[in-house]
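In what follows, subunit A forms one complex with subunit B and a second complex with subunit C.
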Partner chain A sequence: MLSAVPRRIFHTFFRKPPAQRVTAKVPPYIRDQDSNTDNEQPLPHDFRIVYPEFLPDPRPEWRNRLRERLERNDMLTRRSVVAIPEFYIGSIMAVTVGDPNASDKTNRFVGICISRGGTGLRAWFNLRNVIDHQGLEIMYEMYSPLIRNIEVLRLEKRLDEELLYLRDALPEYSTFPLDMEPELLPEGAPVPINDIKVKLKPRPWHERWERKNLQGVQDLGLPQRFYNKAKLHEKPWEKYDLMMEYRATIPEEEQADIFQEIAPHYQQLESSRRQSKRRLAQTSRY
Partner chain B sequence: MNVVPAILRAARCGEGSRLHTSSSLQHIQKQTRLRVVDNSELGKSAMLEGRPPRCIHVYNKKGIGRTGDKVLVAIKGQKKQAILTGCHQDQFPLMPKFDSNNIVLVDENGSPLGTRIHVPIPTFLRKKLTDMSRPKENEAKYCTLPFLIDHS
Partner chain C sequence: MNQAEIRKLIPALRVAVTAKKRRFSNPRGPDGRLHKMRTTVNELIKNERMEVNYNRADEARGYAERLISEAIRYGDCHRPTMELADFWLPEKQNVHKLFKVLVPRFKDSQVSYTRIHKAPHVYPSPLFDKVVLELRGNPFPPLEKFTTKRNWIHNILLEEAHREYLEKKYKQQEQEQEQEEEEVQ
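Up next, the complex of A and B:
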């Protein structure tokens, strides 16, 4: 009986209903309800650059405003114990962690920050150094209770957002002495940008760097076909994609409210920032 | 013209293309080539000849070696056991990620064949390596820098 029905019609009427797509729903952001608008304080404009991990991950399936608020409280508590300084990708840092296996129970590592990510209490950064001709990378969680001290030895930025290409660069570009002295910036000076051009080793590489539009590398010296393929793969329209940008960022009003929530603690954050700089000055003097 | 033509796309990513476009995981498994970092005669000569040892077994249940695991390697026609002292694959926080897959050769009792390691090793391995039935006088060379080995 059913076999007499033409196949197309059969599929129209008797096919399985499509599986229900689970859509994540984030309740709409209502300013009056979710934030306290009574006493607003002016905030510095660079807050979102200095403290990016206070902004939550914008993916809707991971949003939970209550959890985010609790996490921010925990982060501020942790910051009152250990000063987490301002740093950027390309800054040279030293991290001391508690280590039960080490002879003096602490372990200090110096390296250049090559990547940084995560939000909230799970924020992390990667340090890279070359010790005894051996390249090493260690990932640290910024709010881990094992961390004793984080120092910034040289505060600077690089031309790229991630320095993962240092894995394929010559070792001298990621070699830093373990007894490096902290360098002091004058008060109020902007963060300097180091426009060094790194020389990469010949292929094979970890990634196809010719497709990444890197600014901080010297001429890659590849045959023309590599650049032709990179041209095919580039996506110049993405910078006009408003929807993509909307999904990848937290709206500005919500950002302002998040930082307004931290504002009572801003004095403490700023004083710890200044104290760490003063400590830098003292250590560099002696 | 920025759009990849359909024919090219099919050839590049289709099942029949036999191309891997994702980056490799750098796991240590059977047939992985490793780097000997101690000063044992066997290891040094194998590395100098340009015939690095291959992993032929990993002594854990997953078959994928992580830092501190014991492996069986084929080195210059012999079978030797070794300890992984550094891996290139992505690591957990606070565990160093190395640029090469380093091993230290050990004999069947578990004591190292060489007397010196030329590269840094993680601190938690220092205790493991010193505990492995070593004579006491050689112990000092594992205990200088926090997680690094003496290179003097």
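Up next, the complex of A and C:
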């Protein structure tokens, strides 16, 4: 006859309670009380979009408030020496670095920005170009003292957040002339979105692009079984995962405090941003 | 990559959260964790007080706070917020309750919207940490004893002594002022 009390409870009563696993908690963010709230400047709506590297890495194990403050100071100092323009994934840029082995001691590379990342002084971006039928990608650290000049030749956005699929696309989509002239936008115009649909080479690819929900590629033309498999790997519930979203962001109050810190220099940053949009190509004579 | 997500501006949570999410493996599979959280949040909004295990409560607390703050910020006329409420609250009367009852209750609040109290372990259930998860402003009797030290004899006597001292000081000041006026005349 089955007992009324389930066996599971009997087993667990004599078991020791589970060992207290130390799950480190992140305390709620409290606004900076030292700052003077009278002349507080409101957070610009595009601050986090134009200067994303000023925001720290949201992972708590990588946070260090003092280091972040010191880095932001150094970043502002560096920006006062070399103007780092506003750019997005899909913008075509030219970077001049110091090269002791070159004849004129500089090395210039033109390419399309396929990815960017990093926080603070370690912020980087990747430029891709195809030279002599060879695809080339160079990663530049934005605040490296070796960088002499960064100019944006064509400021635009793309439909995707990362253009790594250009590695598997036809070379014409990654080829840009090295002597490209900068294309100027009218003053105050929004950043144009290039809705080009890129054609990929036949498989094999570097990644399973059919699973990445890419907007900027033409129809991949794969057999149906690929799309069926891709559907099994989809995670539609992640769209509603509020805590995953929260853990990946810096809260609004913290962004406002970070902006207050750099607010004295913001005018300078914005004027140099507007200038770099207006400036004609200057041959680097360093 | 390893930059903060910048597409959305989110207000800070007013509760402490674990650095990493808790896994909650369950037979439903990959979406089971969120389903479990959804059930907990739904019940919290419906009944405003519930007794659960600590880990589940702590994780669901974050989701509940986020849901309420999204509802406060964007309101019910905002389509993505409505879809979010639709996902998180499978019982549709709770969607109404969220926007019509909880948003007015919490919209001017500066503190967290939820509270957690430790609950006793009752023999013979397994030795898991039990807590009571509740929304602030719920209609039930409070679980915390609100103790105040003002009625302690020490404090009453000190207050009286302070008052007497102030009275004496004002009298002295008045007398000094009168003396000065006499001298001037």
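Definition applied: the second predicted complex is superposed on the first by the 243 of 286 C-alpha atoms of A that agree within 3 Å, B and C clash if a C-alpha of one lies under 4 Å from a C-alpha of the other, contacts with A are read in each partner's own complex, and residues count from 1 in each chain.
Here, a residue touches a chain if its C-beta (ideal position, glycine included) is under 8 Å from a C-beta of that chain, and two chains touch if they have at least 3 such contacts.
Just so we're clear, the structure is a prediction, and the values are computed from it rather than from any experiment.
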Touching partner for A:264 - first (subunit B), second (subunit C), both, neither: neither
Partner chain(s) touched by A:60 [first = subunit B, second = subunit C, both, neither]: second
Which superposed partner A:235 touches (first subunit B, second subunit C, both, neither): both
Touched partner set for A:177, first subunit B, second subunit C, both or neither: neither
Residue contacts on subunit A - larger count, subunit B or subunit C: C
First (subunit B), second (subunit C), both or neither touched by A:248: second
First, second, both or neither for A:52, with subunit B first and subunit C second: second
Touched partner set for A:207, first subunit B, second subunit C, both or neither: first
First (subunit B), second (subunit C), both or neither touched by A:117: second
Subunit B/subunit C common contact set on subunit A: 235, 237
Residues of subunit C touching subunit A in the complex: 1-6, 8-22, 30-31, 34, 59, 62-63, 66-67, 70, 84, 87-88, 112, 124-128
In the complex with subunit A, residue positions of subunit B that touch it: 2, 4, 8, 23, 86, 91-100, 102, 118-120, 123-124, 126-127, 143, 146-149, 151
Parts of subunit A lying in touch with subunit C, wherever the complex brings them together: 9, 12-13, 15-18, 23-29, 48-49, 52-53, 55-61, 115-119, 123, 235, 237, 240-255
For the subunit A and subunit B complex, residues of the former touching the latter: 97, 99, 101-104, 106-109, 124, 131-141, 144, 146, 167, 206-207, 231-237
